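Each chain carries a letter (A, B, C and D) given by its place in the written order, and its residues are counted from 1.
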Amino acid sequence: MSSISDEIKIKLLTVMLKTRATEEKIVSLYRQGQIVGGVYTGYGLEATTVASALTLEKQDYLFPIHRDLGAHLAKGQSVLNILLQYLGRADGLSRGRESGIHFSDTRLRIIGNVSHLGAMIPVAVGAALGGRMQGESSVALNYIGEGGSNIGDFHEGLNFAAVQNAPFVLIIENNRYAYSTPAYKSSRCEKLADRAIGYGMPGVQVDGNDALEIYRIVKAAVQRAREGQGPSLIECLTMRMAGHSAHDDAAYMDKKQLAEYARRDPIHLLERRLLEEKIIDRSYLTRVRQQVSEEIEAAAEAALAAPLPDPAGVSDGVYA
Amino acid sequence: MSSISDEIKIKLLTVMLKTRATEEKIVSLYRQGQIVGGVYTGYGLEATTVASALTLEKQDYLFPIHRDLGAHLAKGQSVLNILLQYLGRADGLSRGRESGIHFSDTRLRIIGNVSHLGAMIPVAVGAALGGRMQGESSVALNYIGEGGSNIGDFHEGLNFAAVQNAPFVLIIENNRYAYSTPAYKSSRCEKLADRAIGYGMPGVQVDGNDALEIYRIVKAAVQRAREGQGPSLIECLTMRMAGHSAHDDAAYMDKKQLAEYARRDPIHLLERRLLEEKIIDRSYLTRVRQQVSEEIEAAAEAALAAPLPDPAGVSDGVYA
Amino acid sequence: MSETTYLQAIHDALREELLRDPRVFLLGEDIGVYGGAFKVTKGLLQEFGEQRIMDTPISESAIIGVAVGAALTGMRPVAEMQFADFITVGFSQIVTNAATLHYRHGLAVPLVVRAPSGGGIHGGPFHSKNPEAWFMHQPGLKIVAPATARDAKGLLKSSIRDDNPVLYFENKFLYRRIKEVIADEEEVLVPLGRASVYRPGRDVSLITYGAMVHAAQQAAEILATQDGIEAEIINLRTLKPLDQAALTATVAKTNRVVIVHEANLTGGIGGEISALLIEHAFEWLDAPIKRIASLDTPTPYSPILEEAFMPDAVKIIAAVREVMHY
Amino acid sequence: MSETTYLQAIHDALREELLRDPRVFLLGEDIGVYGGAFKVTKGLLQEFGEQRIMDTPISESAIIGVAVGAALTGMRPVAEMQFADFITVGFSQIVTNAATLHYRHGLAVPLVVRAPSGGGIHGGPFHSKNPEAWFMHQPGLKIVAPATARDAKGLLKSSIRDDNPVLYFENKFLYRRIKEVIADEEEVLVPLGRASVYRPGRDVSLITYGAMVHAAQQAAEILATQDGIEAEIINLRTLKPLDQAALTATVAKTNRVVIVHEANLTGGIGGEISALLIEHAFEWLDAPIKRIASLDTPTPYSPILEEAFMPDAVKIIAAVREVMHY
């Protein structure tokens, strides 16, 4: 695996910053009562979601789940589209039909999730196979939480992928909690990555806060899949840095573990690294943050001003 | 683990012989048109089904599936009850409501299966927990084919058992085929027993034709479960020695592999062993075979003469 | 005497049954330390311990399968789906195992599945579902859908004491929106299989259940003042088995029927009720039976769309006026 | 010109569509080398190869999920459930993913799920199911149930060409029991959403589908000779969306209706049809609508019980006589 270019490193940082800032905006719109549905943030998961999705090419299929706004952004989604979606606007990607993070964009080959955890795994495997059947060199990338990894579709989907040697990569976002349930109450294996053994595919565990390492590992798995060598399972060990959703005060979370992970914030880790490597300087950082913030504010303004869906069309489009 | 008593060894052989002979009778009744539903034999699996179930005690719950007539017999079921059931008679254990191998017997703590493969795994885990909650020292034993081990309930059930440290043992009957599908088209892992790693429980692979070895291994797992040390997964590597069901000519099966396994018939292996160890002699064998055959013929005669269910009662008992 | 919310009534029913019968235990995701996504089980872990308030992995099929297995050994599990929508994952266990064990083997399955259902809270397509009709078609199940706090409590207690698998669809929109006085010393038990007359009336029958009982009440009040129409509201309470006697009685009285449910129209329980009325009360019907239900789409998220999607008093009033003028 | 069985017609439809459109592929358990549990796909592996005739692990949820994913990329998968009973395992993927993707995201899911259904073959509780009504309630699905060889072929070809998820319930009792002449050079396409008049009649409408069309035919012949009653048989062909125009037309003509289906009575599609007729054809009805269906139990195994359980010509005749004498 070749080393990561400065350009990619900067891209990683920029998208991670944008992810954090966009989510902060979404939470603030939620607190203002502008967003009325559930809001699940990826605070602390930015390295995992962004670095993994940034390995994809245009023809690849991305199947993000509920904390993966960073993956949407990495695959090229605009903040405006995201906010139109969260605000249930007529011009949002789901035209107000779907809530928050559930949105697709065929142009970018992003397929939105259903709430049912794990349900997208077989679907993503199917997209991987569909691409291959049509002679494309596309790969499908999907995510699942450590909690969601205990659902039947995880098993059926991964096994199916293995048998078909599908160009598929699954990321387990092990952020230590599933809603209020700590990981040790969800499963008892040493590493979730070891479940790969039961499917006969490679499984690796990686530090979910180390963007560069994740990028390297996922890139290799995507490459492997693209070359016809089959699926992989990658477990990113990280931490959910807030409650399950914006209405959850997270009283049950382990404060010590949270504090530990706060010191290992993935964005700060990457910033420090890039500053050390002299790829960026402080003023560059300030500038990027400024740009991101302006983009988000402009998008929010436009999204809030955008029209709501016309209820007369509520029954349209049940069938293709 | 202490060595196996002569008494148990003889019991193993006797029940295996009875299993084979009862199934042969069932197939013959099927060919005569007396049995009208599906007939799935456990030819070649007698060591696996009998030796595993024979490790159980009275208070233990047995959850056999479609090839596990041997397990029913090992837990104490009578040939008469089995034939009444297969013949859909009024006095059969399911009173004619269920087909062939699907029957329960609360007296013996045997719970019959549904056809849906894997569906009994969580149910068996629940019985294991239910027993524990009531302060019993009972263990639940369930089976799944290597093909069925790819269904979601396998994953959910085993993981649940691990998290709850349930007194539960699952036997994978790896008989190389799932209907017409060879095992390598069902999954790509080296050993299905390795799936245990993903649940944090012990997993072992054992020669499914070696009754004594199976007895030893399963006995230890049952013991472990009974002592509160949690669930186990045991893969018995064996061979389905006939078609999927009595109507399947098995044209697709690997003839060489079949011939190989015919030489390792589990009943012959055990017979030879017991003769070598001088636990039995030839005349004993002849006598046992004779007894078994007489019991089966008598049971068949009685079962064929038994009354059919009264259609007037067809709607009874939908609710408890 | 303080008032008990619908949510508190469910909590109280669970607590009372846990106290009464050591065979009762709860299982579900986040029901322990967290007290459940809606806090229905708050405090129960502290009172009854981990053996009886069992937090589970995210595995709805196993949750129900395990509950079935425990029920077979004599326990009386109450399983929680975090949202009713996720009951689809456990669908096969419910219809295949739970529903059929008694008919097939004479084995009782005393199991309750609690499922917070319903819309109006901007939950979008997968946090708003009313899945009851899927289960209507499976012999061996009972289905319950309380509309009031008292019913919520009394039906849940009866469900837990029933020897059959009962699906208990609690409407999450009602959780904190309705309350009534329930005396502490009172043992509230509402029998399964019996509807109630929520509002008596002579002119038209509104047959409904769950949250729609309240929409029907709103409609009935407006119809009474504006049109002088007295609507009788039948609160079904149990959906399976349906209370055929109560259905026939109300039609014999009013001769006109509007069925209201929040679930999608097509394939909903309204069709079954309509067919039963035609079969058993045809001679009493003076007008076609109308059904008011959610549109035949997934539940849309945007509030303006969700409002157009769901039934409400305005739609019910229009339907009543139609059948009255037939 | 030789005759084509119902089973062969399904095979031929698959083969023709595989030949016509490279995006069509099949997946399911044992459909390749073995040609499927019922030999419907026999020979297709040899002709089209492993890429297009995909043997799968025993994983119904993944089979359907994978099919949905492939459909999203532009493929046109045809998934087989080995028995319709096992569709319960894939239930969540069907109602959650397949059915809703177009409404939620504007994404077409051109997917067919073939499911051999029905009883009368002594399959017992889990090899006899008629699961169609479960899916009636889910917006976004189409449901098809052919009664004749020609319909079997024509509806399957139309289902494969449809841009929506279609559940295709083929009745396995009919596989080798019925046949008709279908010319090789003829392109048989039966449009989705349109019922047919299987037998015209003036006195009573038998509204039915699948294997029960033939029981209805038997009943109609006996009624004609013995009672002089001319029954009109409506063969629904598509169950979702229902052909409302055909339903109204037959009732307007006969004024009397018996609905017949093999699925269990309660919560079956008969309820929906009955309700629709009441809503849209009330004025034409001279008698209560009757429903004849399987009893509300799991399908019992013992032939003597199964016979009592299932609807047949005798039960249909009794119902017709009742509505005629109303």
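What we mean here is this: a contact is a pair of C-beta atoms (placed from the backbone, for glycine too) under 8 Å apart; a residue touches a chain by one contact, two chains touch by 3 or more.
Worth saying up front: this structure is predicted, and the values here are computed from it rather than measured.
Novice: Stepping chain to touching chain, what's the minimum from subunit B to subunit C?
Specialist: Minimum number of steps from subunit B to subunit C: 1.
Novice: Looking at the contacts, which chains touch subunit A and subunit D alike?
Specialist: B, C
Novice: Just grab the chain with the largest centre-to-centre distance to subunit B, centres being mean Cα coordinates.
Specialist: So the farthest one, by centre of C-alpha atoms, is A.
Novice: So what's the Cα centroid distance for subunit C and subunit D, whole Å?
Specialist: From the centre of subunit C to the centre of subunit D is 31 Å.
Novice: Using CA atom averages as chain centres, what separation in Å is found between subunit A and subunit B?
Specialist: 45
Novice: Let me have the rounded angstrom distance from the C-alpha centre of subunit A over to the C-alpha centre of subunit C, please.
Specialist: 36
Novice: Where in subunit A do residues touch two or more other chains at once?
Specialist: Only 94, 97-98, 102, 114, 116, 150-153, 156, 159, 163, 185-187, 318 qualify.
Novice: Could you tell me which residues belong to subunit C and also touch two or more other chains?
Specialist: Each of 57, 59, 61, 88-89, 92, 96, 100, 103-104, 125-126, 139-140, 296-298 in subunit C touches at least two other chains.
Novice: Going by the touch rule set out above, what shape does the chain contact graph take here: line, ring, star, complete or other?
Specialist: complete
Novice: State the interface residues of subunit C toward subunit D in the complex, per the touch definition above.
Specialist: Against subunit D, the touching part of subunit C is residues 88-89, 91-92, 95-96, 99-100, 103-104, 125-126, 133-140, 240, 263-264, 266-276, 278-279, 282, 287-291, 296-298.
Novice: Spell out the residues on subunit C that touch subunit A in their complex, using ranges where they run on.
Specialist: Those in contact with subunit A are residues 29-30, 33-34, 37, 55, 57-61, 82-83, 85-86, 88-89, 122-127, 295-298, 300-305, 307-309.
Novice: Residues of subunit B touching subunit C in their complex?
Specialist: For this pair, the touching residues of subunit B are 61, 93-95, 97-98, 102-104, 106, 111-112, 114, 116, 119-131, 133-134, 140, 152-153, 156-157, 159-160, 163-164, 317-320.
Novice: Touching residues of subunit A toward subunit C in the complex: what are they?
Specialist: Residue list for subunit A touching subunit C: 36-38, 88-89, 94, 96-100, 102, 114-118, 147-148, 150-152, 178-181, 185-187, 252, 308-309, 311-312, 314-315, 318.
Novice: For a test of understanding, state which residues of subunit D touch subunit A in their complex under the given definition.
Specialist: Result: residues 23, 25, 51, 54, 56-57, 59, 61-75, 77, 92-93, 96-97, 100, 102-110, 139-140, 142, 163-164 of subunit D touch subunit A.
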